[in-house]
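Residue numbering begins at 1 within each chain, and the chains themselves are lettered A, B, C and D in the order written.
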Amino acid sequence: MKVTLRLFSIAKEMAGFEEREVEVASGAQAGAVLDILTGLNPRFTDWRGSLRLAVNQEYVPEGHLLRPGDEVAIIPPVSGG
Amino acid sequence: MKVTLRLFSIAKEMAGFEEREVEVASGAQAGAVLDILTGLNPRFTDWRGSLRLAVNQEYVPEGHLLRPGDEVAIIPPVSGG
Amino acid sequence: MISLTNEPLEIQRVIASVDAPGAGGIDVFIGTTRDVSRARSVLWLEYEAYEPMASTMMERLAQVAHERWAVLNISIAHRLGRVNVGEASVVIAVSSAHREEAFAACRFLIDELKKVVPIWKREFFADGTVEWSRQVHEQQGITTEGV
Amino acid sequence: MISLTNEPLEIQRVIASVDAPGAGGIDVFIGTTRDVSRARSVLWLEYEAYEPMASTMMERLAQVAHERWAVLNISIAHRLGRVNVGEASVVIAVSSAHREEAFAACRFLIDELKKVVPIWKREFFADGTVEWSRQVHEQQGITTEGV
């Protein structure tokens, strides 16, 4: 199934893109997109512990089950304020 | 000796004046002016516990020794802010 | 900047006065006059001060705050005379490199100002009565009720 | 009022937006951009946001503050895009009948905003380098150093 990946800040820089449709297995967990990103750039490995995931604009744990068409965002440590 | 008495807020209303030179005994304590005011209007009796005294613009206890020419202010409960 | 003024307080100007190149945060407290006091409708207020002592006390509170917290600049502006409901009676602004200090110092300044700075508020009620604010003497726990 | 804007923040307007007839106090926090970061001179900053999620999170923080404290109105305005040193990046204003609540809620809002709202700051240094702010991930104690 397809989900839309959205990247921000350092994650966007490391991946080299901002938004992309990616294919994940049916029943995949949100953490699967991190595996995809690590495949694209191994620097994601070091970052895995400090990236949060949001699905459809809600923070979720890595184990959250994805559905077709979900918007999955990679949220590096925030620095607003 | 003479000191200048300054009154504010409710104390001014009760006394009926804002500023006045008063005569106190040489070596008098600041609290002496409260006795003078109580003589003018017995309502000062009820207020004695909640009036503070300032001499030359510094809070002082009732036992503070007055000097000639001091400015003695009667400070009712403040309500700024 | 410490000020007592009969003019409307210029909030933006008070805030700008604490700006500093190293400031990471500014905390501002604005005291506004309420339309209801003790369940009665208020039309406007009047503030009077023992002016030189009030200025001295505000300067001293600012000094104490500077000693206790790593703050950059402090401004306190208090309005005197007639103040309409909804208008600001006091503005306190504190800048600091880190926000914790600005919050703590600003809170301290308004709390202490209300205890020690010789300023008095008179309330003009819709029913025609006029009363000196029945504030609690916080040090002594005595209210000024019944005057 | 929750807003994300590329324009300079209008502090006075944000404050006015929380005014209420029953308000006795307004606490305002203004985040300003510093000229020095990790001992290096900063020229300007750029903020980017995951906009819809950032708005939603700010709305939710305001809701939580309303549930926890007796506050009247809350406004949060965050700036995006280029922000020069000394300019405000965020303004939070909270009005309440009694000042304690405004202070507590305002403090909560800026603390939580810095933890959960998806906004990122990039620093442009005088030495020509550009870096995503090395903020600490407060929940996890992980810094973003070394990227």
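Observations
We take it that a contact is a pair of C-beta atoms (placed from the backbone, for glycine too) under 8 Å apart; a residue touches a chain by one contact, two chains touch by 3 or more.
All figures in this text were calculated on a predicted structure; none of them were measured in a lab.
Taking the mean of C-alpha positions as each chain's centre, the chain lying farthest from the centre of chain C is A. Centroids built from CA atoms put chain B at 73 Å from chain A. Each chain gets a centre from the mean of its Cα atoms; for chain B and chain D, those two points are 49 Å apart.
Centroids of chain A and chain D (each the mean of its C-alpha atoms) stand 25 Å apart. Annotation for chain D: residues 31, 110 touch two or more other chains. According to the touch criterion at the top of this document, the contacting chain pairs are A-D, B-C, C-D.
If you check the complex, the residues on chain D that touch chain C are 11-12, 15, 19, 21-32, 34-36, 85-86, 95, 97, 99, 102-103, 106-107, 110. Per the touch definition, chain B reaches chain C in the complex via residues 6, 8-10, 13, 46-47, 49-50, 54, 57-59, 73, 75-81.
Within the complex formed with chain A, the chain D residues making contact are 31, 47-50, 52-54, 56, 78, 89-90, 110, 113-122, 132-133, 135-137, 140, 142-144, 146-147.
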